[in-house]
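Each of the next two complexes has chain A plus one other chain: chain B in the first, chain C in the second.
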Partner chain A sequence: MAEAHDRPPEKFTLRMRRYDPESGNAPYWDEHTVELEPHRSVLEAVLQAKDRFDGSIGIRCSCRQAICGSCGIRVNGEPALACHTHLDAAKAGARDGVIEIEPMGNMPVLKDLIVDMDAVHWKKIQRVTPWLLAKQPVPEREYIVSKDSMVDVTQTMACIQCGACVSDCLAMEVDPGFIGPAALAKAYRFVGDPRDDEPFERLNDLAQDPQGLFDCTHCFKCVQACPKDVNPMGQIMRLRRIATADHKIVDQNNGARHEAAFASLIENNGILWEAELIPRSYGGNSWFGKFAPAAGKELVASIPTAIRGLLRGKMTIPKILKPHKIPSQDLKAVRSIYERIESRPERYELNLYIAGEDEAPAAVAAGVASEAAGNQADPATEGSAQ
Partner chain B sequence: MPEHDVLIIGAGLAGQRAALAAAQQGASVAIMSKVHPVRSHSVAAAGGINAAISVDDDWRSHAYDTVKGSDFLGDQDAIEIMCSEAPQEVMHLEHMGVTFHRNEKGEMDLRAFGGASMKRTAYVADITGQALLHVLYEQLMKHHETVARYEEWFTTSLLLDEQGHCCGAIAREVRSGRMEAFIAKNVILACGGAGQAYKPTTNGLIVTGDGIAMAYRAGAPLMDMEMVQYHPTCLVETGILITEGARGEGAHLLNANGERFMEKSAPNKMELASRDVVSRAEQIEINEGRGVGPNGSGIFLDVTVVPRRRTLEALREIVNLGRDFAGVDITREPIMIRPGQHYIMGGVKTDVDGRTPIDGLYAAGEVACVSVHGGNRLGANSLLDTLIFGRRAGEHAAARAATMGMPAPDANAKLREDSAAIEAILARPREGRRVSEIKNELGETMNKHAAVFRDEQGLQSALETIGRLREESDSAWVDDRGTVFNQDVLGAIELGFMIDCAHTTVVAALERKESRGAQYRTDYPERKDDEWLKHIDISRGEDGAEPQVSYSPVTITQWQPEERKY
Partner chain C sequence: MKVAYWPGCVSRGFTPELHGSMAKVAPLLDIELVELDRACCTGAGVIAEHNQELADTLNARTFALAQQVEGAAMMMNICSTCQGAQSECQERLDANSEYRAHVNSTLAGEGLSYDLDPARPLTNKNFLWLLVEEIGLDALRAKVRRPLTNLKVGPFYGCYIVRPRERLGIDAEHPRDHYLEQVIDALGGTVIEYAGMRKCCGFPIITMNKEASLKQAGRHLGDAVDADADCLVTPCPLCHLNLDLQQPVAAGVVGRELNMPVLHLPQLVGLALGLEPKDLGLARHIVRPTSVIDWSVSVVASAAA
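Showing the complex of A and B:
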C-alpha cells in the first residue's frame, strides 16, 4: 500500500567512483550524504548530490522509471539501473552502510558514471543484423501470426539496451569479442519472429562465429543483472536449442557436440565425467568416437592441464578411467528428468509475458520466472479479441 | 562543416520516422540528438497507437473522436490527414517489425482507449512506444550508410541566412565539448515537448523544450501553448505515469468513499472519457475532500477488476512500476494516483507538411502544433501524430532539398556567438542561485498556477515569478568547468529553453478567457465559441523580450462545434 511509503527522509551516504578524463588523474572516490525517503531511488540520490553539492557529477539519465535505459551503473559492485534501485535496499546491500556507486564494467569509462556504450554494446548489436528480414511478399495488411509468437518475442523486445548484462558478462570479460548477452537476446527477437525470412542464416552465422552462440558460459550473471526480466542467457539457450535441435546446425566450434556430450554424460552417470567429455565432444557418443582425430588433437592439447590436475590431486588415474558414481536412487531421479522432458511433444520455453493461469502464484509480481507454456495457454481467460 | 539536405534535430519517433522518409526519397540525411536515440522520451509511451484498422471502423469516426477530444480546437484538415493515413502507417510499422499484440486469429488486436468510440488502439503489451522506437532504430542501423547519426550532440541554436531562411544549426558534441556548425537545406525539429518546465511531470529529464525555444528565438510562431495536458493516472509521489491502457482494460477510478465518481461527469464513457475531463473530475474529488491517502491527495486506480492473467500479459510494465515505484501489487490492490503534467498540445506552428512559417524549418511531433490535438489530445494519438507528421515532414523536406543548392551561410558568426555564450556560463562567479534551484521553482510555479484549474490571479503571479527566474537564470552558476560530458552547462542552456516555454504558456493561458479542453479557467468556466474558437499564436517580440499575441482561425471541414459530453 502507498502508506508503506510514508517513512520520513533519512540520510544516505554515497561513495561514488569519479573520473575526470581532462584532469590527467586516476579515478578516485568521492562521498556525499543526501536526505531522501528510503524507498526513493539511487538515481534520485545521485541527482540530489549533483543538484546540491557538485554539478559536475556525470551520469546519463532521463525517464526515472526504468524504461529509457540510460542510467545503467554498478551499485555495491552489481550492475543495476540507478532509477530502479531503492536506497534502503542499496544501503542494506552495502558492506559498510555506504552505498558504493561505480560505472558499468566491460566498457571504457568516459567520465564518472558514463561509459562508452558505442564502442562495445552498440557495435555488438549492429553485428547481429538487428532488423527484420521480412518474408516476401509483404502482405497488404498485417502478417497473420500467432498471438503467442508475438507475446513471446515481446520479452526480448522489452530490452531497454541499458547494458547491465554487458557490464558483468563473465564470458566477455575473458573474450571481449564475445557477441554477448544483449546482442544475442536481440538476435532471438528476430529468430523467434515468424515474420523473419532468414532464421537459419541468422542461427548459422551466430553458431559458426567462434565468439557467438557457444561462447556463452552459462553463468547466469546477465539473468540476474537484467532489470527488465529479458533473461538474456535464456534467450541464448533458446537460440542454441533452435539451432541444434530444429535446424540441425553443427557448428565448426564444436559447440553443439560439446553440449550434447554434457547432456549424454549426465544422463548416463547422473554427474559429469570430465575425462570422457573431450572424446565425446569430438567423437560423439560411441566407443569408436574416442579415436576421432579431432578428439585426439584436443586431448593432446589438454595434457598440460591434465598433468596439473594429477599433480594437485584434483584428478586421479581411477577417476579418469571410471565414471564418478552417485547413489542409484539419485541417478534414477536424474534420468526421470530426462524422460519427462523428452516425452513432451513440444519444447517448453520460459516467457514472462505468457503469464500462465489466472490464479497462478504471484510469480511475476515477485520478479521470478514462472514456467508457463505458451502453446498451452487457456484461451478462455484471454482478454478481449476485438 | 558537415552539409546535409535534411538535418533532423531530435531522434524520437518523429525524428527517426522523418529521417527514414527523407532518406527513402534519396536525400542526404542526418539525425542529431542530445541523447542516444533509444533514450528519447517516445520510449515511455505505453498504451498504444490509434488507427481505424478494424473492418468495423472508419477513419472518419477516429477523426470525429479526435475533433471532439480537442474540444473543437483541432484543425480538421490536419486531423483528416492523420486519421485517414493512420491504418497504412500502422501496417507499414508492422511490416517493419513491430511486434503488435495479436488476437486469436493472428490479426492485430485492438484495445479500448479514452475518448474513442470503439476499440482502435494497436499495442505491444504496455511498451508500445519502446517497441516502435526500437524498431525504427533498427531501421536506422539498417540504413546506416544513408542516414548519418550524430548521437549525443546538443543543439544550441538554429542557423538563419540573411533572408531569414533556416539553413542549419549549431551544436555541441556532448562527449568532447566541440562546437560545430551544421549546414542543411532543411532542418526538421523533432525534439519533443517541455514537460520539465513542470514539477512533477511524467516526462523524462531530457524533455526541456529545446526545439520550441529555438524555433521561437528564430522567429517562428508558437500555437496553442496554453493547452497543457494533465494525465489522469500518475503515481502520487513521483509523477510516474500509469498507462491509460489500464482503464482501457477496464480498471476503475475510486474516491475515498469507494465511489466510481466518473458517473457524475461522464456517465457514458466513465473512466474512458477524454483526459482533460477525467483529470478535472479527479481534481474536484481531491479538492472537495474525497481524495485517498495521507493528505487526501490521491485517487484509487483499481486494476484488480481486470482479469489477473490479462493484466500480467498486457499491462506488465505497470505491474512492475507499481511494485518498484509504489510498493503495490496492482493485481491485488488499488494504487494511488493523481493527475500529472504529461503532454503539451501546443508547439511550433506548422502546416500539414510540417512546414513552419520560416522557410527551410520544419517541425513534427510534440514540438510541433499542426494542430491535431487542439485543446486536448486523445490517448494513443501522440504516437500516431509523431509518425504521420514525421514522415510527411521528412518527405516534404527531401522534395524541397531536391530543388535547391546547398546554402552557404556565414555560419562562423553564430558558431562563435554560441561558443562564447557557453564560455560565459562557465565563467560565472559562484553567487546567486544554482540552476537546479531555479528549475525547481519554475516547475513548482507552473504546477501550481498553470495546471488543471487556472485563474487570472494565479497566472499573473506565475508570470511575475517567471520574469524573476529569467533574470536569476542569467547569472545562475555551474560547478563543472570541463568539456567532456559537461551536463552542468547544458543544464543551464536547457533552463533558458524551459523558461521560454513556461513564459509563452502562461501568456497564452492568460489570453484565453474561456474554458476549453485542458485550459480550465475558474474565472471563465464556459466555452465561448463566438469569441474563442481560434488559435492563439505567440511570437517573440522585436526586442526579444515580450511575447506578441495574435490569432489564427481553426479549420473546420465536416464537424461543427457542439456541446462535448462523454
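Showing the complex of A and C:
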C-alpha cells in the first residue's frame, strides 16, 4: 500500500450526471478532469471539480471515512461510497477510461448526486418500528443475553444508512412500495435481539404486507451493494425462516406456502415438480391444494400458458400429472436427511459472520483443484471452491 | 474432459430442450457427461430459506456423489440458480471443518462424505465458466462451423451466477460476469448490451407477487427489443421460464409487444457448431426462434455446414 501512496498525482476524468429538477431542464452529462494521487477517493475528485471548475456541483458528504454514509453514489453503474472508492480502482472499472458518476437509484434526485433519502429510505426504515420494544419487566440492572446473539445482531447494526442497497434493489425498481433491503435488515436487528418483546408482531406485520417480507426477489443486489457487509438479503431469508418455522406465520402472499410446498416436493420426489408447485403455493401444501379457491383462480389464469406449453411440447400431460423422481434408494436417503434435520428441537445454523472461517481451507482445496485440472495458476478454481 | 454433470430439475421438467441440447453439444466439445442422476434439487435458495442445514446437507450429498465419479475433472451444471445455490452451501461447508463434520455425520448413514480431501477436490462450474476457462475461447472459435454472423444476441445471466462476486469467483482475471459476451463473440455473433442483462428475471416471486415478477421480465425483454437484439441467450432455465414461457403474459403486464426469442446457452453454442435448430429443441420455445429468425440468412454458413 505504501507504494500506492507514493505515486504522483495523475489526471482523472469524471463524467458526472447533472440534474437540477427546479431548473426545468433535463439531466445532462458533464465532464471534468482533475489531478490527484491515484489512491485518493472519488469524493476528493468530485470536490476538486467543484472547487476548481464548477461550484454548483451537488454532492452530500461529511466524515470522508466510510462511517457517516452520506456520500452514496453510483460509480461506473455500481453503488459505492464516494469516499471509499479509490480513483485508480474506479478508473480501472470504467468502460472507456472515464469514471462515470451518477446519483443513487430508486430515490428522487434533489440535485446532481444528492437524492431524497427522506422520501424513500427513511420512510421505509420508520415503517419497521426501529427501536427496541423491551421485554417486561425491565430488569433493574442489565438484560443478560448470550454473546453470540449480540454478535449476531451487530451485523445489521453495522448499517450506516447510506442507501446503497436501496439504490440497487431490483424488486423496488418495479415495485417502489416494496419495503426494501435496508428496512428489512433493520427489522432483523430487533427480531434477532433477545431483549425484544414483540418479534411475532413485527414478523406478522411484515409477512402479511404484500410489499413486505415476501416481495424480495432474491437477486443478491443488496448483498453486493453493501459497503459494510450487512448482508441484507441474508437477513431477509432469516426473517422468513423465523416467521414460518418458529412463529408458524402463514401469510396472505403465498410466501410460507411456497416455501413449504417447495421443501416437501423435494422431500417427496428428490427433484422439483413444477406443475404441482404453483397450485400448492396458492392453495396449500398438499395434493388437495389445487382445489382451494385461490389455487383454482390461479390455475384458470394459467390455462393459456399451459396450453402454449403443451402445444410446443415443453410440457406433457404425464409430466403435469406425475412427478419425475430420483431412484427410490436415493429418495429414501433424501427423506432420512429431511427427517433427521427437521426433527431437531432447534435449527442448526452456521453463521459465518459469528463462526468465522477456518484458516485458509478454501485455498488448500482450490490449489489442489487447479492442480487436478492441470492448471496450477488458475485462480478461477480457487474462486469457485471458496 | 469428463465431468460429473448436474442437470438440475427444470432442465428435465419444463425446459427439456435445455438438457437435450446440452447432451447434443457435449460430444462436439469433447465433454463426457456423467449424469448425477442420484442427486436431488439444490433447493434453488428456497430450501436454504426454509432450513439452512437441510440445504447444506442435501448439496453436500450431491458434492459427495460428484467426488465419487471416477476420473471426473470437476462438477458441471447448466443452471445459474443451481450454481449460486450450490456455491452458497459450498462456501459454508468449505469454511468450517466443524460444520462440515456435522453435515457429514448426517450423510454417514448412506456411507457418503463430502471432504476437502486433496485427492478428491470439488470444483463446480456452470457450462458457461467451463466453456471459457477449460475449453477456451480460441478452441471454441476453432470448432465453429456456422458462425452466428449478423445475429444480434443479448446476454441474460441470471442473478445467481453474477452475485455476490466474491463467492462466485468473479474478479479482474476471471470476468465471469462478461463471459456470455465473450462466448457470443467467439461464436461469431454480435453482442447487444442492454439495461437488464444482469438484472433479475423476477421468477423467484412469481407466486408471491406476479405483477412485480412479470414486470421485471417484461421490462428487460423490452429493453432488449429497444436495443435491437434478435434474441437473448441465458445460462439459467428459471430465467427462461419467466422470459420465454411467461413472455406472452409479461407482454400484457408491461403493455407492449415483445416477441423476443430466448435461447439456452447450449442451444446457441450448438447452432454455431453446426447442429440444426430443430435438433436443439428451438421449436419447443413459446417464442419460436425458428419463426422469428431466418436462420438461412442470419446465420451465414461458412465452412461446409
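Heads up, the rule we're going with is that the second predicted complex is superposed on the first by the 283 of 386 C-alpha atoms of A that agree within 3 Å, B and C clash if a C-alpha of one lies under 4 Å from a C-alpha of the other, contacts with A are read in each partner's own complex, and residues count from 1 in each chain.
In this text, a residue touches a chain if its C-beta (ideal position, glycine included) is under 8 Å from a C-beta of that chain, and two chains touch if they have at least 3 such contacts.
Keep in mind that this is a model prediction, so the values were computed, not measured.
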{"item": "Which superposed partner A:D175 touches (first chain B, second chain C, both, neither)", "value": "second"}
{"item": "Touched partner set for A:I266, first chain B, second chain C, both or neither", "value": "second"}
{"item": "Touched partner set for A:Q126, first chain B, second chain C, both or neither", "value": "first"}
{"item": "Partner chain(s) touched by A:G55 [first = chain B, second = chain C, both, neither]", "value": "first"}
{"item": "First, second, both or neither for A:E339, with chain B first and chain C second", "value": "neither"}
{"item": "Chain B versus chain C as contact partner of A:C63, first or second or both or neither", "value": "first"}
{"item": "Which of chain B and chain C A:D96 touches, first, second, both or neither", "value": "neither"}
{"item": "Chain B/chain C common contact set on chain A", "value": "352, 355-358, 362, 364-365, 379, 381-386"}
{"item": "Footprint of chain B on chain A - complex, ascending", "value": "1-6, 20-22, 39, 50-52, 54-56, 58, 60-70, 84, 86, 110-112, 114, 117-118, 125-126, 130-132, 134, 138-147, 149-151, 153-154, 157-158, 160-161, 189-190, 193, 195, 352-360, 362, 364-365, 367, 379, 381-386"}
{"item": "List of chain A residues in touch with chain C within their complex", "value": "92, 170-171, 173-175, 178, 210-211, 214-221, 223-224, 237, 240-241, 244-245, 253-255, 258-260, 262-263, 266, 270-274, 277-278, 281-282, 304-305, 308-309, 312-315, 319, 324, 326-327, 329-330, 333-334, 336-338, 340-342, 344, 347-350, 352, 355-358, 361-362, 364-366, 368-370, 372-373, 378-386"}
{"item": "Sites on chain C touched by chain A in the complex", "value": "9-10, 12-17, 37-41, 43-54, 56-58, 61, 73-74, 84, 87, 90-92, 94-97, 99, 102, 106-107, 109-110, 116, 118, 121-125, 129, 133-134, 159-160, 163-174, 176, 199-200, 202, 204-205, 207-209, 211-213, 215-216, 219, 241, 245-246, 248-249, 283-286, 288"}
{"item": "Chain A contact footprint on chain B (complex, rising order)", "value": "35-36, 38-41, 43-44, 53-54, 91, 94-97, 99-111, 119, 124-125, 127, 130-131, 134-135, 138-139, 141-142, 144, 151, 175, 204-206, 236-238, 240-241, 249, 293-294, 298, 307-310, 312-314, 316-317, 319-321, 323-329, 331-333, 335-336, 434-437, 478-488, 491"}
